[in-house]
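I've put the structures underneath this note.
Two complexes are shown next, each including chain A; its partner changes from chain B in the first to chain C in the second.
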Partner chain A sequence: MTSITTQTITFKVFRFNTETDYLPAYKEYQMEVTSEEVVLDILNRIKWEFDGSFSYRRSCRHGICGACAVKVNGKGVLACKERMNDIIDSFGTELTIEPVSTKRAVKDMIVDKADFWEKHDAVKPYLVSDIDEHPKEESLVTPEQAEALLEADLCIQCGLCHYSCPAIEENDEFFGPAAFAAAYRFNADVRDEGTLERLDTVNQPGAGVWDCVKCFECAEVCPKEVNPIEKITKLHNQVFEYGRAPNNVAVRHAVGFAHSIKKHGLLDEGELVRYSEGTLGVLKHMPVALQMYKKGKIVLPWNMPQSDKLDEIKKLVKISSTVKF
Partner chain B sequence: MEKLKYALFTGCTAKESTPEQLMSTYAVAEKLGIELIELTEASCCGASHLQDYDDFLSLVLNARNICYAESRGLTMVTICNTCQLNTAMTKHRLDTNPELKARVNEKLAEVGLEYKGESEITHFLYAIIDDFGLERISQMVVKPLSQFNIAPFYGCHNIRPSELAGGDNPYNPTSLDDLIIACGGENVDYEEKNKCCGFHAELQSPHTAARLTGKALMGALDQNADWMVTPCPLCHLKLDTQYDHASKAVGRDVKMPVLHMQQMLGLALGCTADELGLKHHVSDVTFV
Partner chain C sequence: MGIPIYTYDAVIVGAGLAGTAAARELEKAGKKVAVITKLHPLRSHSGAAQGGINAALSDEDSIELHEFDTVKGADYLADQDVVELMCKEAPETIRWAERMGAAFSRNEDGTIAQRPFGGQSSPRACYAKDRTGLTLLQTIYEQALREGVTFWDEWYAADIIYKEGKVSGVVAFNIRNLEYAIFNAKAVMFATGGYARAYKINSNAHANTGDGLSIVARHGLPLEDMEFVQFHPSGLSGNGVLISEAARGEGGRLLNSKGERFMEKYAPNKLELASRDVVSRAIINEIREGRGVGPRKDAVYIDLVHLGKDLIMERLPELRDLAITFLGLDMVKEPILISATAHYSMGGIPMDKDGHVRKNNTEFVEGFYAAGECSCSSVHGANRLGANSVLEALFFGRHVGQSMIQDLNEGITLRKATEDDAKAMIDEITLTLNRNGTDTVPGLRDELQQSMTDNAGVFRTEETLAEQVNILKELRRRFHENCRIDDKSKIFNTDLQEAIELGHMLDFSLFIVESALARKESRGAHFREDYDTRDDENFLKHTMAYMDENGNITLDYMDVTLGKHELKERTY
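Presenting the complex of A and B:
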């Protein structure tokens, strides 16, 4: 058994009260931290030992209610689950504790999650089904069918992926990884009948899955290992599978890769932009393209490189394709 | 020490819009005495978009690429973060799912190939640090970059998801900082160094993409960086060629020179501007 060690840690803590403060401030608290403490112990000690007005949400203390999500040095954590030892290993002895979204802070660590719930609500995160109120037999789900959920049902709505998502940070319309994971959870349920409606919701340009920047932060930050970006990919796949893919720039951008690989093995970068944007739409890229051309960064169609053994690739594209657009 | 030898998966960008990246990769490899065997048969990895359309096809194509590293008995080295993640993710999924591997191999058998799972896949940045060693690099530096403040930009797909990445802590990565220091430069710490450049959403979500690029450049500028360095050609394209959109999106001129990781290392090892393809940059890099 390892012995308990103690270190002096300086915490810079986000303090703000919408009712009394014009601007937030970071207050410093120094304390001896033992190796067995978690972040929630620190929040408690700030309240108990320094300032009783310090506010934060916490409830279950077991990583299941999702209330105590905060950020430490930019890393989203469940305060009750995150060991101080690991945090100190990662970031050293000067730590900054902030709410998951400083711009949505109401009081100290407490944020207004209205946007999170609105987006969750929009994807109908419940079973849509005409239920026979007097069923004669059970509605059975086989283990294989249950596995298709890919554990999306483990989400505890803590909001860490949502408030760590850079696309949400820049685009208020974007549904975000938690809502997408919830949409997938019910789309993948064999008892559900709301799939098409949900696909049309998550397929909207500007708000839907196509606006994901693919940074994988949602997968990294999730304390329940829900892996939301995996579900985002699955929703993309369902959009094609159920024939709901609109003929727009985002869809053509994904499909264009298959065309290019079939022809050259490699991606024809210029042709991908032209195919995605359309002949008129591509014009807005001309100023950048011209600058790139001057610097030898644009390969002209007749100089397009090819993979060796291209016949092999063509054959594999032919026999392995599973989707049509 | 035995000479290091890898199978090089160049990716598409190095063959098209970032020729300087391929040139500098070879220039640096020569200086370090690393042998790179180019996987000329390799196809595009799908760049994280093909799998949105046809996941199985993406797996088959990436598995095929790995087959050619396996047939040469070599570790595959990538020079693009997205190639790295797509290939590593394919390997992980096939190695942990025998049924999926069998389905993929059924297709590969039609062209006389078999995915076995024998080759490791690593980004050139980690090959240099883990296999060659930073200490040896600093001993070989002939032109230390001591007059420069250099901002590392890691790029998402080399650090996230961490279980498939090269070993950096995604919330506090250090590999590229360590390489800057080994080259004699001053590493700049800034908030956006491990954030997203927006590349993958550029066509469908131009505002988001431009804002992310702008914030990254702004973060580096505000910490007095002279230039940025990145191991990813896609980040490079976004940061080097899109500064105009980025500047408009953040309301400030954020133009800044951005070098590939190989070019930075090449400069420190005494490669010439021609060898490193410095004429292929859109943002001015004549300062070097």
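Presenting the complex of A and C:
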């Protein structure tokens, strides 16, 4: 940092107060933004220089308390950790600032996060262990065992992944990436004794890990690089490793995938449906199947092709499989 | 009025390490306990502690050395009985946190890893990478959640119920909708954190406005050793955000504009690992004498490049990230810009070693307890040793929780609260909402913070402090007569909250300045250019300051509890 530069930026800011407003409005503020500033500085300046009633959550101002998550031009950011210069590079000099979830907005940037905390609390986000209240020694944990948490303990519950997750948008029951990361954090801890119970919780159809749509948005948005989807995938595996997979559609869907790849090196969509939903279930999907067939997206069962490197794929499946289905 | 009165055995204000640790103890003992916090518990500033938590765990270290380093660091103002207690219990405290799930960094053999920190005879700081506070706060919160502790989050504690020498509850409002409530309790604990937010350049969270201190002081109760504010040597240039002492502990070197490793002049033996007050003064001195660096020449370099990328990524990843975010500088490739930043409050609500709040030098307030940074036991004396604050919060939180259980078991009567007990809070809110004028909260706050940094900062003189007293009196007059806020609504009125917080900052700042003015010596973090040496004959004593109804401060002094660590000159 040899010199400080400034640019004129126009901000359109979501303003709403449940007490007085029926609908939100976007107010415009223009200011000179310096190269030293982060998004939180802008929120502060709106409040301190323009309108004291502007409200947002913030505390630590250096990316560790998780209070100040907002969206800028639709991108989820932790306001105190996001450099204005980077935002301007991505989106230009006209910027829209909104709460992480406009439908949950209570006042300006402040949202009702009750659903987030309920789901967080539901996965037993604590070490399940009979705690020695007066220990003479610590439990021994090797550096390798400590690393198994894969930084899941760095999650600061900012909620950015939760409110960027399309599965949450569609499915109120879905625990969401942050809760799964928390579940993984404790399951991965050698000192924990709550893994089975936690797996049964995150394994529920609808609410559980099988409803993740694998879009990677959570990994993309996380300001602490916790990479929740990686933890969701680990939980998928743990469900099998610990023998907690019930015989249901979600699990059969996953197993059917593996079978198909092993057999053909490719995905057999028709067989996948039959395997996970049963022969009667196939009937339900016939209209879609016919459409897909017409467009050449699926083939008749006896015409299912094989990958030309099937031998190698089989080898790969064999060495990468840690779990027997 | 219809204000609800909730009844508890114990009510705790503040949900950081101290408050939450106490709550868990009380809940486990079957007491009905509530924790009130103006944030969500996980947003508490304990989570920002980076570098470590002290305990003499290794064979090369000893409890006695930990005590000695703490007392010496404190410039002999610490009460040695309290220091002995904390240092003795430190190993168990760390291991207890570990058993609850804290994700400490480990040695190859699986034991908890430790790193060197300033002012310490041995590598003593247990750590979790550079996010020690985060793992501890998360852990204690998780286990409190597991026990079923009731948290009233986003509630603002505005007052205590204090009459006839006894505290019997807390008066608060819901930040979500300005709903009032009275929390009637047999025992009340304050764990409300520190007060460095009174300074312009500080490392503290926005929330650290020292509310708890002036709530207590407004009832005529004393505040102890308020003049001792720690300036941490390494705040990021410009905004003061902390770069942990771990950066120096791991081998960081301080350089001025001439490329000189200037600590060779100030602390030839310990260099960068001298005590924090020593290093901070050295930095400010280099800047004052024209050897500063950066776009404003108001910083020095800390150079970590020689540590190599692997070590930085393994042990200091968060710090690297902070410097990239706020300065655009990557410590793997280049030195970064730092300067002294107001960081920690040694002073606070006076208490004995079991957390009982003092009414004066000899008496205690019934049913009232304190722990953590808002309290003064005094375990840190005139200057806190790095990695002792997290220990203090966690140990005393738990210990004072246990002391509350014991007192409750021995029988504290519940004095029934009435709606009238909420009057002071309601008056304060009504007045703040309706007051008209031309001054604004951010305007007055800027003046407060800038003047505190200029006049009551790292270096102080009779002249600057006297000037600051006048500035504060004038700021308080303008605040009370002429300060208006924009927001009149009931929903998340953060404008109102910031105004109330400013009122607290203006009040306790006067304690800092008046106490500093009267202490005509230099000790620990308090450095008077006009009295630049320690004066044990006249000032080996704690300041006890009281505020009267007109807002004037009177001072008294209390003896220091000495012990086996005898007074010596302090050199590093």
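Everything below uses one rule, namely that the second predicted complex is superposed on the first by the 301 of 325 C-alpha atoms of A that agree within 3 Å, B and C clash if a C-alpha of one lies under 4 Å from a C-alpha of the other, contacts with A are read in each partner's own complex, and residues count from 1 in each chain.
As a working rule, contacts are C-beta pairs under 8 Å (C-beta built on N, C-alpha and C of every residue); 3 or more make two chains touch, one makes a residue touch a chain.
In this text the structure is predicted, and so the values were computed from the model without any measurement.
The superposed arrangement places chain B and chain C next to each other on chain A without a clash. Of the two partner chains placed by superposition, only chain B is touched by A:Val213; chain C is not. Look at A:Ala25: by the touch rule set out above, it reaches neither chain B nor chain C. Contact with neither chain B nor chain C is seen for A:Leu283 once the two complexes are overlaid on the shared chain.
After the superposition on chain A, the angle chain B-chain A-chain C between C-alpha centres rounds to 140°, nearest 10. After overlaying the two complexes on the shared chain, residue contacts for A:Ile313 are found with chain B alone; chain C is out of touch. Once the two complexes are laid over each other on the shared chain, residue contacts for A:Leu196 go to neither chain B nor chain C. Legend: residue contacts after superposition of the two complexes on their common chain; A:Arg61 is shown touching chain C, with no touch to chain B. Annotation: superposed on chain A, chain B and chain C show a minimal Cα-Cα gap of 14 Å.
Listing the residues of chain A that touch chain C in their complex gives 1-4, 17-20, 35-36, 38, 47-49, 51-53, 55-67, 81, 83, 85, 106-108, 110, 117, 121, 124-129, 131-143, 145-146, 149, 153-154, 156-157, 186, 189, 191-192.
Of all residues in chain A, those touching chain B in their complex are 73-75, 90-91, 166-167, 170-171, 174, 205-206, 210-217, 219-220, 227, 233, 236-237, 240, 249-250, 253-255, 257-258, 260-261, 265-267, 269, 273, 276-277, 287-288, 291-292, 295-299, 305, 307-309, 312-313, 315-317, 319-323, 325. Touching chain A in their complex are the following residues of chain B: 12-13, 15-19, 40-44, 46-57, 60-61, 64, 85, 107-108, 110-111, 113, 156-157, 160-162, 169-172, 191, 195-196, 198, 200-201, 203-205, 207-209, 211-212, 241-242, 244-245, 279-282.
Those residues of chain C that touch chain A in the shared complex are 39-40, 42-45, 47-48, 92, 94-96, 98-101, 103-112, 128, 131, 134-135, 138-139, 142-143, 145-146, 176, 205-207, 238-239, 241-242, 294-295, 318, 321-322, 325-329, 337, 440-442, 485-487, 489-495, 498.
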